[in-house]
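Take this structure first; my questions come after.
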Amino acid sequence: MTMRPVPTFLQIPYADDPSELDVGIIGLPFDLGTTSGGRARLGPLEIRKAGMAWPRRYHQSMEKSPFDICKIADLGDLDLDYFDKEAALKDIEAYYNNFVDAGALPLGLGGDHLVTLPILRALGRKRPLGLVLFDAHPDTVDISMGSNLVSSTPFRRAIEEGVLDPRRVVEIGIRGAMGRRDHIDWAKSVGVTIIDIDELYDLGTDGAVAKAHEIIGHHPAYISFCIDGVDPVYAPGTGVRVPGGFTSYEAIRMIRKLDGLNVVGADIVEFSPPQDIGGITAELSVYLAFEAVSLFARTLDDRKK
Amino acid sequence: MTMRPVPTFLQIPYADDPSELDVGIIGLPFDLGTTSGGRARLGPLEIRKAGMAWPRRYHQSMEKSPFDICKIADLGDLDLDYFDKEAALKDIEAYYNNFVDAGALPLGLGGDHLVTLPILRALGRKRPLGLVLFDAHPDTVDISMGSNLVSSTPFRRAIEEGVLDPRRVVEIGIRGAMGRRDHIDWAKSVGVTIIDIDELYDLGTDGAVAKAHEIIGHHPAYISFCIDGVDPVYAPGTGVRVPGGFTSYEAIRMIRKLDGLNVVGADIVEFSPPQDIGGITAELSVYLAFEAVSLFARTLDDRKK
Amino acid sequence: MTMRPVPTFLQIPYADDPSELDVGIIGLPFDLGTTSGGRARLGPLEIRKAGMAWPRRYHQSMEKSPFDICKIADLGDLDLDYFDKEAALKDIEAYYNNFVDAGALPLGLGGDHLVTLPILRALGRKRPLGLVLFDAHPDTVDISMGSNLVSSTPFRRAIEEGVLDPRRVVEIGIRGAMGRRDHIDWAKSVGVTIIDIDELYDLGTDGAVAKAHEIIGHHPAYISFCIDGVDPVYAPGTGVRVPGGFTSYEAIRMIRKLDGLNVVGADIVEFSPPQDIGGITAELSVYLAFEAVSLFARTLDDRKK
Amino acid sequence: MTMRPVPTFLQIPYADDPSELDVGIIGLPFDLGTTSGGRARLGPLEIRKAGMAWPRRYHQSMEKSPFDICKIADLGDLDLDYFDKEAALKDIEAYYNNFVDAGALPLGLGGDHLVTLPILRALGRKRPLGLVLFDAHPDTVDISMGSNLVSSTPFRRAIEEGVLDPRRVVEIGIRGAMGRRDHIDWAKSVGVTIIDIDELYDLGTDGAVAKAHEIIGHHPAYISFCIDGVDPVYAPGTGVRVPGGFTSYEAIRMIRKLDGLNVVGADIVEFSPPQDIGGITAELSVYLAFEAVSLFARTLDDRKK
Amino acid sequence: MTMRPVPTFLQIPYADDPSELDVGIIGLPFDLGTTSGGRARLGPLEIRKAGMAWPRRYHQSMEKSPFDICKIADLGDLDLDYFDKEAALKDIEAYYNNFVDAGALPLGLGGDHLVTLPILRALGRKRPLGLVLFDAHPDTVDISMGSNLVSSTPFRRAIEEGVLDPRRVVEIGIRGAMGRRDHIDWAKSVGVTIIDIDELYDLGTDGAVAKAHEIIGHHPAYISFCIDGVDPVYAPGTGVRVPGGFTSYEAIRMIRKLDGLNVVGADIVEFSPPQDIGGITAELSVYLAFEAVSLFARTLDDRKK
Amino acid sequence: MTMRPVPTFLQIPYADDPSELDVGIIGLPFDLGTTSGGRARLGPLEIRKAGMAWPRRYHQSMEKSPFDICKIADLGDLDLDYFDKEAALKDIEAYYNNFVDAGALPLGLGGDHLVTLPILRALGRKRPLGLVLFDAHPDTVDISMGSNLVSSTPFRRAIEEGVLDPRRVVEIGIRGAMGRRDHIDWAKSVGVTIIDIDELYDLGTDGAVAKAHEIIGHHPAYISFCIDGVDPVYAPGTGVRVPGGFTSYEAIRMIRKLDGLNVVGADIVEFSPPQDIGGITAELSVYLAFEAVSLFARTLDDRKK
């Protein structure tokens, strides 16, 4: 398993070795789990491209630079098998096993949502994790298009395998017309909390995040941000656009309000560049990644205190 | 009057005869009433195209499929006269007269807003109807570009002809810079309730819909959704973009909250594909149609109880 | 059979001489202060083009036409030096000195944000002004790219020069990842009120505007609307897109709620047509200009009373 | 410090009265003859907008400015009935009758292709004209969509009415998959010369134009340029894109090589702005108009000699 | 192996059974062989959508309708395994084996270029075929991204397996910057004729096709049209754009000039809708398919004589 | 004068020092000479981004990799003064003086066309150079917008200053509607050869290049490729689109046929990313740069022989 060096995110340093880092950014150019027309494999490169125009360092509302608080580097893209889905998943898991042993917080840039499964296998191997998922879909399907390893199945598998604790899984933004519904019933039956779009707006974004904090507490938790959680006008660049989502500001505010969570890692997934319109989704992805990195920095800063 | 078979909406069955249906979807490829640069004539085909990618059946918040609750089919497009506006309007009216006799609920896919006039003539011929209109414009103009049958005049005519009861007409989302204002004065003078965009945000979407319920009660009511009611970033594909509208989510939520209304039919109008950007409006139209069909299903389900 | 002369911006009259006007619209095709990839120089022409399609006269919520209340004309574009930044700034200042002596209210169509500096020099030459700024950035940087006259420095200079009173400066919508932060510290240290995007949503748009009214009172105040204050989906056509902004409706509502302010002029800046998507930003700019003109009309109407 | 008045089409003068002109440009915002999804009604405005950026005066290959050779003005748009096709056609004919009596050469900016019929009625009323048509379609259909006055029928009618002499009609660029073919048989049977796209490339552009000269000789002839004659990549902004057309350069060269023809007028039709991509067709239309005006100037210059 | 009915190409009839047809159109929604960012899986649906607007029947230069000459139907899309590449290839081969036994000529709508391999296996199982390939790439790579079944390897495999006769393979349009070149050496070494883009323009399109006829003679031959053979401005919708290709007209003319070839089938591959710009590639694909069907019709017509 | 390291062109190595190179690629992010709405300053980054997707090494028609023949590296972008045009020009000249002393061939990625002036000053300081210019404009204007250092003046200045020998300057592709024509007269009067677009197509591309060879002979010559020389459909991303240009293939072929010229350097200028459509111009720029590098490699290979 080797890493290919690439132009780095926001012009931050490139690193080979996570062991000297607090936070590492990892490109996951994988879309072998996709059943839509998306090409999330191209996501990491386009996010890096969108961040090349000028360096952005300070977080206006933090009044600090995350890059001053902790050591953050871009580790490049995982050089995954191009055609063999299971081999690629194994490589992601192996890389993350190593990464987590090094002690750094990982921010994964997907890639379709199936990448989250091997990440959770690595991060949750000792203890089932909590999860905050921002998404239009619960991704708890059992089998789709004849496979149980698809971008709509990662949390089904992770719960079954015991790397996620369903009673500490909170899914925010679920909505829309679906091909089936049994997976929602299943998710609820095992204890997953679904804050669908109606409940999100009934509670308000702060209320929804407060509910997530309440459910997860100080349990180690992973954050997964599927770009289709945001309304398609804010993120047209994805395989399955689901109108009626939340806004960019609400997305950013919710990540920011996760401050205090015992976060163990995060990812931003399902950005498919060919469906993007005028770079809107690429630029939003840069901001979501910046917000995630800033959350990590606050978390690490708090841990030191 | 013949129907042309077409690729169907969301891959549901095609039907020739509405008499065996609960709900029928009818394409209305008409834009002879347009005074803008829109080409709403192309709307029905593009909505059907946008729904072809994959079947969507279950409504996440209903926790049911409308297609399981009642018998829904696509009846294709009305084969309207290409140049003769009045002949086309007569054909729409005749078709709907027949349709309503068959007992099914019609969902019309426009077409410019003038298509709603012959629909109301058919549906309101026995008793003046109530109306919930989502729109940036009141469409109560008397005469425009020298004609009294224009996309901005349908509700003026329908009220004058007695097929709409103005005291049971609620218009939501009205806003913007207008060419004239006498039509708003007229609408208010005859009893129309205008919940303009400021009032909509003052009341909140739930409050606005509650006001509509209060005004209309259990009176038979029609729902007309002009796509320009939504902000142009959510629906760029329309002839007259009016910045400062409501969001996709608010649109969907308001339709959903109309549950309980004695609904007799609905339409989605003024989607003009050539002005669309990257398919955003087409995909939203599919969702609005799905939401309308789901509202019909809930209504029919309630009636059975 | 008549011919229609080729139409102009919102089809209002053209005027050479501001002395007979209540309100004058002035094009400011200038972007020598830009450090991004924007081309705001092209803004005034594209705003005029976007307003050519049809005349819009009546303001739906005012229930009046601003053009009936006061005498409004388009004065065309300032013919600024193409390469010499300082000469161009002097010419803007000279023109506005003249304009303000004539007694009319100026609405400037930018142009990058540096155009606001010479305007403030002219309008504030007798007495430091208050300011309501809608923007993603505070634009109080000291020196950028080696220059103190850049699109991110106008309010630093204007405060230093005494043409703006920092205790009466309110900046709304500030947010995002920034290259630096010392300018925010400076702004706060001299008394500028920053209502960043989080506070804006905590207060609500009406609350934020109420706070602006409270701070500025009846002091003469200028309004500057940087198009990047709005979220990039509503205004993709700008040099620096900052995801997570407010909506078009919120923008329009905030301008409208400034009614009662002792307004001395306004501008709309940083619209860069080459970055626009499908004309979305151009059309929004027309509406913001219409809203500003309407605010002027209400102000003048009130002054007469 | 001077102000520039808001510019107009190619920034040439506006004129009310054709009698003092050599060449007049006339906007024909009409698309009541369209059976496609085009909106050619919007063409004249967009062509004028596309020409506003900067003044273009000199013709590189003529080594002269047409505007120096003869008196050219823009007469604005005809104010045509919005809904009544036959009334609008009558108005075009009446205007052109007047225009032709004034002695100027008309360049019409369409508008769908049906506008050419009333123009030919006016220009050919005394003597049947020759014609050079650049188009993908022969436009000699008899009846389409139930009407004999449609954008595909103008030359059928004009030949039948005796205002075109079919033996002096040359149609260049015809090609593609068609809904029917009887109209081509008819056209050939009455003597129309069709240089289809294969023959065009067999002869070369110069050969094709030479053939047109040979057929038409010094007979008075009209030039009609349908924008869909060009390949869709050069003119995506049209109602019916027919892949496999000629290039922009070939179009310009063919117009230029018509020098020597006894030209009585010209038009550029079927540009539909909503279908355009990034302004490509608008800018080409400006160039075709400039080339036509230059051809007129050369013609008038020659006549003086 | 089942077929899913779909909206048909150009509104022609749908058929289940190829045995009563002369020509059958088969959708091949497959892109498991892709190493670029393309999504050719979505191609067949978008080609069908692009052909829905209006029926096109007559071929202008044939002066006939192919649909009158022979029995042509759309057989829908092959329902291929979503994730298992080898299973999908087997299904394509099995379907084509059946198809070819039924005696009809197949037109495949891809799909990435790997679909051509199982087609050739079926069509060439009794006797190695000749081939005319239009493409920017020779697609004779041995192994790419670790696999020997990739969209750049089909003709290597087909030649090795003896279903293609390399001395009767003519590749037209090859060009560009490549990742490697050994595959070209190999192709030439086994006898493949490469008419690269320079030779194509040296010979002219007619000369190049004449050379193909000379090499293939009356040997049974397959035609494969990779959309990236055309210049990217004519076909932006593909995974690997190679600037400097031939034009749409040249493509159409070359297919047309293949008349007389003993053609056994054809395909149009590598159209990737997400990369398309404004529908340009979809519409061209419709025309190429129409041209291929017309070539089949002429071939069948000749065979009858 | 320092260089900023950047992600490199086509993933080739980055180098600090030209002295060990045969060929160096230099980014010139400069547009202070622009009088259009272009933003050529953004060109070098976008060309590098467009080349990131996959490594391209072999030149199909050379049958070799230029990177095998000689040592080629990317030297990054010149870090030019952001606002001071003359300072920036001095820095370009100083850098190139150094570069040329190191003995490598420079390929400049612009930037507006004014960048060529300081390059010529450096490369031609010992002996006036020959020039092959591909462009729509001759760029021999004396003064524009009040300045003699503008993107339309570089060759006027270079000839006046004696760094270009006008009798060895060949300009190919000149065409269009121009603001003035005196500059063409001047250019011809001093001996510049203009092969305008008509002559280019009369001679054919090979003939035009042969004429350039004849005029320049073995004199040291520079090649400047202005992207607006190509037709706007092939290069929409530029400040001044001039319809009626040559094709991508013709551009590539002409560069390739310059083989044998005593080339001393080259540039590709006037690519303005904000005006691009779907990345078409960026990808073409990559290919033109690859072709230029390949020409350099052939030249150096020949010199060794």
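Residue numbering begins at 1 within each chain, and the chains themselves are lettered A, B, C, D, E and F in the order written.
Just so we're on the same page, a contact is a pair of C-beta atoms (placed from the backbone, for glycine too) under 8 Å apart; a residue touches a chain by one contact, two chains touch by 3 or more.
In this text, all values refer to a predicted model and were calculated from it rather than measured experimentally.
Shared contacts of subunit D and subunit F, meaning chains that touch the two of them, come down to C, E. Interface matching across B-E, A-C or C-F places the copy of D-F, with more than half of contact pairs shared by residue number, at A-C.
Relative to subunit D, the chain whose mean Cα position lies farthest away is A. Farthest chain from subunit C, judged by C-alpha centroids: E.
For this pair, subunit D with subunit E, the centres built from the Cα atoms lie 38 Å apart.
Centroids of subunit C and subunit D (each the mean of its C-alpha atoms) stand 43 Å apart. The mean-CA centres of subunit B and subunit C are about 38 angstrom from one another, to the nearest whole unit.
Residues of subunit B in contact with two or more other chains: 37, 53, 233, 247, 275, 277. Every pair of chains meeting the contact definition is listed here: A-B, A-C, A-E, A-F, B-C, B-D, B-E, C-D, C-F, D-E, D-F, E-F. Residues 36-37, 174-181, 184, 196-198, 201, 231-233, 236, 241-247, 275, 277 of subunit F touch subunit D in their complex.
Across the interface of their complex, subunit B is touched by residues 32, 35, 37-39, 41-42, 81-83, 85, 145-147, 272-275 of subunit D.
Residue ranges of subunit D in contact with subunit C, taken from their complex: 1-9, 14, 16, 27, 45, 48-49, 52-53, 74-79, 91, 94-95, 98.
By the touch criterion given at the top, residues 53-61, 63, 65, 233-234, 247-249, 251-253, 277-278, 280, 283-284, 287, 290 of subunit E touch subunit D in their complex.
Residues 6-7, 45, 49, 52-53 of subunit E touch subunit B in their complex.
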